[in-house]
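Lettered A, B, C, D, E, F, G and H in written order, each chain numbered from 1.
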Amino acid sequence: MNIDTLTQILSMVAEGALPVGQAADQLKHLSFEDIGCAHVDHHRALRKGFPEVIFGQGKTSAQIIAILEKLEQSENIVLVTRIHQNKADAVLSRFPNAQYFDDAHLLKIEKQPPAITGRGTILIVSAGTSDIPVVMEAFLTAKAMGNEVKTLFDVGVAGIHRLFAYRQDLEKASVIIVAAGMEGALPSVVGGLVKAPVIAVPTSIGYGTSFNGMTALLGMLNSCSSNIAVVNIDNGFGAGYMASTINHVGVER
Amino acid sequence: MNIDTLTQILSMVAEGALPVGQAADQLKHLSFEDIGCAHVDHHRALRKGFPEVIFGQGKTSAQIIAILEKLEQSENIVLVTRIHQNKADAVLSRFPNAQYFDDAHLLKIEKQPPAITGRGTILIVSAGTSDIPVVMEAFLTAKAMGNEVKTLFDVGVAGIHRLFAYRQDLEKASVIIVAAGMEGALPSVVGGLVKAPVIAVPTSIGYGTSFNGMTALLGMLNSCSSNIAVVNIDNGFGAGYMASTINHVGVER
Amino acid sequence: MNIDTLTQILSMVAEGALPVGQAADQLKHLSFEDIGCAHVDHHRALRKGFPEVIFGQGKTSAQIIAILEKLEQSENIVLVTRIHQNKADAVLSRFPNAQYFDDAHLLKIEKQPPAITGRGTILIVSAGTSDIPVVMEAFLTAKAMGNEVKTLFDVGVAGIHRLFAYRQDLEKASVIIVAAGMEGALPSVVGGLVKAPVIAVPTSIGYGTSFNGMTALLGMLNSCSSNIAVVNIDNGFGAGYMASTINHVGVER
Amino acid sequence: MNIDTLTQILSMVAEGALPVGQAADQLKHLSFEDIGCAHVDHHRALRKGFPEVIFGQGKTSAQIIAILEKLEQSENIVLVTRIHQNKADAVLSRFPNAQYFDDAHLLKIEKQPPAITGRGTILIVSAGTSDIPVVMEAFLTAKAMGNEVKTLFDVGVAGIHRLFAYRQDLEKASVIIVAAGMEGALPSVVGGLVKAPVIAVPTSIGYGTSFNGMTALLGMLNSCSSNIAVVNIDNGFGAGYMASTINHVGVER
Amino acid sequence: MNIDTLTQILSMVAEGALPVGQAADQLKHLSFEDIGCAHVDHHRALRKGFPEVIFGQGKTSAQIIAILEKLEQSENIVLVTRIHQNKADAVLSRFPNAQYFDDAHLLKIEKQPPAITGRGTILIVSAGTSDIPVVMEAFLTAKAMGNEVKTLFDVGVAGIHRLFAYRQDLEKASVIIVAAGMEGALPSVVGGLVKAPVIAVPTSIGYGTSFNGMTALLGMLNSCSSNIAVVNIDNGFGAGYMASTINHVGVER
Amino acid sequence: MNIDTLTQILSMVAEGALPVGQAADQLKHLSFEDIGCAHVDHHRALRKGFPEVIFGQGKTSAQIIAILEKLEQSENIVLVTRIHQNKADAVLSRFPNAQYFDDAHLLKIEKQPPAITGRGTILIVSAGTSDIPVVMEAFLTAKAMGNEVKTLFDVGVAGIHRLFAYRQDLEKASVIIVAAGMEGALPSVVGGLVKAPVIAVPTSIGYGTSFNGMTALLGMLNSCSSNIAVVNIDNGFGAGYMASTINHVGVER
Amino acid sequence: MNIDTLTQILSMVAEGALPVGQAADQLKHLSFEDIGCAHVDHHRALRKGFPEVIFGQGKTSAQIIAILEKLEQSENIVLVTRIHQNKADAVLSRFPNAQYFDDAHLLKIEKQPPAITGRGTILIVSAGTSDIPVVMEAFLTAKAMGNEVKTLFDVGVAGIHRLFAYRQDLEKASVIIVAAGMEGALPSVVGGLVKAPVIAVPTSIGYGTSFNGMTALLGMLNSCSSNIAVVNIDNGFGAGYMASTINHVGVER
Amino acid sequence: MNIDTLTQILSMVAEGALPVGQAADQLKHLSFEDIGCAHVDHHRALRKGFPEVIFGQGKTSAQIIAILEKLEQSENIVLVTRIHQNKADAVLSRFPNAQYFDDAHLLKIEKQPPAITGRGTILIVSAGTSDIPVVMEAFLTAKAMGNEVKTLFDVGVAGIHRLFAYRQDLEKASVIIVAAGMEGALPSVVGGLVKAPVIAVPTSIGYGTSFNGMTALLGMLNSCSSNIAVVNIDNGFGAGYMASTINHVGVER
């Protein structure tokens, strides 16, 4: 439930248009709802500007459906992250209006496209083609949260002229997400070129001492550029979410 | 050299008020300057909105002074981070107008207080009293970059009612920095309460398996709150810098 | 101890030639059985208050059955932990009275429900829905050892009002088990609210730098709350066992 | 809670305008004090059964004194842990009634010896003579929290007959703390002999691959005895604190 | 080729019973033989007292067969370690006289049982039933190298009276191998009871922070008993080999 | 650079309107192609002496084909590394002239055999038979880059006379690649025997504490021989590439 | 107390030459003696063939002296390891007959030189000059335990002909200790040349990724030679002790 | 002894100009010389093209002097690495002709400047001013081995235009050494611009998760540029040595 819906209900009560009992019914799960396997946090959209997102890993499809049944009633948009094809199929047969994005392992129920409320454009840059799944998770998340989002793939530092050709796009973005695996050097180079904040997201692309993204993560944490902060390995969702909160700094929601 | 100074020089050339030769002289180091031990990046303020900051660790005081002599000519404010008392003393005798902050191991030359250009207030929260040095580095950095900054010390999760008493301050901040050592749980709790982006900075406070801040860092990277990104251990400077870039999203500089 | 020695001791007791106390002393430390692949510890219930529990990992179903055949004779309740469905099926065909709990990967032979002997209620709290399998292992273990046990799922710190709604349950529990993955922050918050001892059990829920639960473990070991001790990652069994020993402090068994 | 609010509540109670129960409820969750560098948690003794303990590491002696000045007014006993001799000396000149224990790096202000409220005896066992400083921190903490405490030094597994000679003491203890460095095997052996809960505290004694106690910690977390939970390396304070909470299970305080 | 065969050939040459050309033919691969994918080390039995052992991991069955075809000609006994069932099947169809031990993942071609040449009995002790595969690899290796070998399973420290019942066997052994997973404490206890050298072999039994045997390994390296040396995790082969070399100290071969 | 711009530049050159030198300068740094999922770096052969190599891991076969379609037009030779059989099959049906090497997981499109341009012979040495796949990747890469390449398998340090028999080959090589798993000792021994630079490539052969090649890598980085530099674990491609650049030092291409 | 002294006392009792009371007095601490800070293990020489060795690290000089006062009465030889100069000085003023070896950080009280009881010669080989302190600790330990011991310094693999010049010494030794830092390759080469068991002792010599000896340790654990077992980093004492137990296999003591 | 001196001696013998006895005397230490604490490798210059270099760490100044006394007789140039000021002073009083470079912790005895024998110029690039000590060690080593060497300091990726200004120098170098700490991204960028081989040397500059250079090392090992190989952290000596061997590929020495 977001702030608009809440205000509307309360206004109707104030105007006598909605009996107190009915209003109470609608609001009774304002805080959270215990459904046994979970405590659904209905208050999150109000508090955080975006409803609870379901972390799919380690949950059965039955649990995911149970939570979705609660959230879907009250929210315009709900995301499930880290959900694999087989679980997604079970969810899709229960919610035919849901969409599944298999490259991003993300499932979305969206009643209406969200309004664009962010200040500027979020640019998502990937070092390589293999980083695209992480980028897509970030892209879908930032889109769902009301932002203009652009992408730029495969402009890693081994052929750095490719990046420099997009220097204007970099300079115009209000927030930049940079996804890179292996040595994770791209955020440092991007960060050195722009004023905007950079969210660095290490990917697990690589082998041997890439340690499934740990090397990229460490590189990003030790960047000699200072307008950089880092999220967990392969955490496209978190990168998109954080970029959106940055793109909404000072925006009333 | 920032954008105002550059514009002024070029306008004077356009108006004939400044001969081309003199202008060229002033601009010749616009890009960078080779002083042997370093390539001073005079272009940084133009490109990034803030001049080069000197990383004091591993540099001799002679090297720091040599770089300062170049930067101090053209910039209103210059910072040296990770500089210890003995090196700072050598710098202070050369630059008597410099200020040294020993808790933050930071040295500053500031000709004029910077204008407040950030959108809102940056709030810096620490889990414990022992985290104060890291907070101070963040505070001084964000201040130097033109932000309103507030601090709140020692409100860690072992007595979480202390944090909740400041819930309004948390909700009003445009960006929040949270510094914590040990298990690094505070950013998750703060992140769960607010819409604003949270920059989490792990500190090296702790012992044994705190691994000098690694445990706090890992905790922050794995936060179940999504409006969080992380900087290096004890990197108060980076936290303050990143918070400032976020607080300036969409602000012309 | 072989049958002759046992018979001889018991005969002497029967004849009054050996005082009961002395006989008990002799029998107390002598009791295990060599079955080739294992030395079944029949003495454990006497010494530790609960019979030997079979660790299923790395054992063949034939070995598990062989050990069960010995333990099942003399014990009211026997547990096999970390046993997967296919091995469990083999065991179930030999012991049709056994029960298999597939979410907890635990098999139980229970002749009679154990008496409740623990002092108070053990409360098991999970940060997320995905932690439920670990919680179930703890729940079944603590139940088997004679305790009142309650559970509370999905009250993690990203929506901390959900936890606070159960503050009375927390305050009333004699021991609390807290299971959490990712950053593992929940035990610190719970520990800060109560007098009771908290057993923290990290789960392997998470990805990237969660390192299969290592991050949660480290967070728990470095908790700023002091009424916390930690067991191995995903060790629901150990958490339940330890909680039961705590709940029986000073209770004669 | 400031003085006005407190006075108002108490006046209402005095006037009969507020029932005692409701007033108590209001006061129970409202009590800390902001002294700038810290938020002193006056509520902790009420909530947790023991007042706030000051973690000395990373604090200046001025900060420690400032916090002590607040706590010392309202509490019978206050501890400062991880405080080295030179800081302790500064504290001792301000609080001449304080005691400093240099082997445990612990400072105590105790107005009256605490009453013994714990259920049974806490036994602290060390594998070697070199573990004594950690044991002393545990001993002093558990003593301060109202427990009978006994110690047993240097009974490690290389000469295991030394441990077995104390088998009766082990069996009689209500809680056992076992401190060991190197391979950390002692808690497993002790745990295998008794019913009581065992708090294992790894020490940093060792060299090379002892990794400053990490090896002992890992050994303890993987113990084949199940009545064991673990605290951080060298965390004698936490071990003593946890043992005391266990020894007070179900005891009204 | 061992020393006896070599002496016999050379004697026949000396006696004129073998023409030089034929002898050269037999000896020409005395040093090694290049078969493309491998350099078969025919000299090893002479130099080391036991022929080359084939490490099966990472080799195709064709490569293993090619090497066996060379070794089998000149050696009485050849071992292949770390060979899985499917590769072993291919080898068995080429060498029907080979034997495959699936619990130990070891394949053996043995023309004649080796003579017992070792000084005393090698005793192999396991902490748990799950460690048996590693023990079997050690057992088969030590047997193949001419030793009396005994085994003792499942006498871990959680029920230490089981170990003490075999104290005489421990004291009589000339070398002891101790295999243990989890915390790896058993070698320390065994080492503390005997004069004989103890080879500790960590196994990968455990979960979570057992780190696939790393915790057991670290525990063994940090043992407070000094008559212990350690081999790689799950390296039953190396343990058996090393024990045999110890059991042959000063024995002419 | 799109076709229009290129045509325009070349037309101006044809018309004498643009001097050749200036045109070359413009073309040298401008050449890549955006195909959506990738920015194909057509400039690489010009800049680096060898065309872009496609890293197969994490790419779909459709993406690999799309990139190949661009590179194959303009290059004589193209490599795809870390491509598994199933993806390779899809590529082979689109490019029937491609060759797939399944031991090296490498796919090659080669229009004409490259000329031998390297200074001397690159010798690739492996410690064991199991290292052959990594050696083959290095072999194919160095061959494709225009070098004489020789191999020598299974001459590890456990039978060091095998290596010494090839001392002349070692001394004659202009660059030596040494692949080894387990303890990775072979590069140190080889490096100690020759003047030539040695590229050490750790392989993931081993078990337990070999940590998938990390132990071999660390050993190589700490070699007491100084003519050694190291590439990532199992990075046969990088080893072959680096050896080729060394073998072409000072060679005009 | 060793077996000879014990036998002598008992014989005298049997012969009536020693009154029971006096014998009891002499034997009363046969098992162990509680001196407060330690439980001195008087039984160790009997059980293990060598008296308790004092681990100096973490003990005060007063504690070391207290333990020595007990051991020195009953033993012919006592060692203190890991004792630094300043503590050693305090011990030397109490026990003027003690000897301190500062390169090995070892202190010895020796009443009579021990008889040579070992089977053959223990050869200690070091890779470099910098490993000498660890070698000296091994040398002194093995000497004290009744062995012929030889040393060979600085024959590391970067100049492997130096090692081969001593091939006969290697082949004649009954046990070989090899100490090496950096990549720790020497034990593999030595192990490949001989039949005898090799005790590998990693040293902390190196920098960067030598990780204070961890790299050498890992290399040794993964040796492709199989007659190798490993002790802790810098554990010269353990290497010497283990070598002595091997050199005494089957020897009555 | 290098190849020229050896040839000269043998020629004189052949010509009868040098009696056999005298020649034998001069050559008797051709292989190595045992001086007790070390086996001086006189053969190294002949075999490797450069005499033995003394690794100063862990050696006493007496040991260093003893080795120098042997090497200095027969070699034109001798280096001691990782030698600190106090040891260097002792060496300098014995060898007044030695030079000590305190920023590089390197001591050199050079009778005559070495001839330039390398093919081209070695360029050493540092990311920051703080990396200069490592660069100086590489510089002095490569110089001593007969190379033209140039340096370029402080051109890290945070201001990448500084690097691009030196693009011609980069393209002209025959070998490039790149030293960088923190995220170690510079070698990837440099490697992407040139054909020449790049030796990457990670430095320990940084803090927190830079892990004393481990992060830079990992980044370099995972570079997306393929003409890169890596040496140990802070190993300027190895980088210079390796670069020299590369610069001498195919050069007769």
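The rule is short, and it goes like this: contacts are C-beta pairs under 8 Å (C-beta built on N, C-alpha and C of every residue); 3 or more make two chains touch, one makes a residue touch a chain.
Computed from a predicted structure; not experimentally measured.
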Matching over half of the contact pairs by residue number, can you pick out the copy of the A-C interface from A-H, E-F or F-G? E-F
Just grab the chain with the largest centre-to-centre distance to chain H, centres being mean Cα coordinates. C
Which chain's C-alpha centroid is most distant from that of chain D? F
If you tally the C-beta contacts for E-G and for B-D, which one comes out higher? E-G
Geometric centre distance via CA averages, chain E-chain B, whole Å: 61
How big is the gap, in whole Å, between where the Cα atoms of chain B centre and where those of chain G centre? 55
Per the centroid of Cα atoms for each chain, what is the distance between chain C and chain E, given in Å? 38
For chain D, write out the residues touching at least two other chains, lowest number first. 55, 128, 158-159, 192-193, 206, 208-210, 214, 217, 221-222, 224, 232
So the touching chain pairs work out to A-B, A-C, A-F, A-H, B-C, B-D, B-H, C-D, C-E, D-E, D-G, E-F, E-G, F-G, F-H, G-H
Which of the residues in chain E end up touching chain G in this complex? 47-49, 53, 55, 119-120, 174-175, 192-197, 199, 217, 221-222, 224, 226-232, 237-238, 241-242, 245-250, 253
Inside the complex, what are the residues of chain A that reach chain H? 127-128, 156-160, 182-185, 188-189, 191-193, 206, 208-211, 214-216, 218-225
Show me the residue ranges of chain B that touch chain H in the complex, using the header's touch definition. 31-32, 36-39, 41, 43-44, 52, 55, 57-59, 63, 67, 82, 202, 204, 212-214, 217, 232-235
List of chain C residues in touch with chain A within their complex: 128-132, 153-155, 158-159, 161-162, 165, 181, 205-210
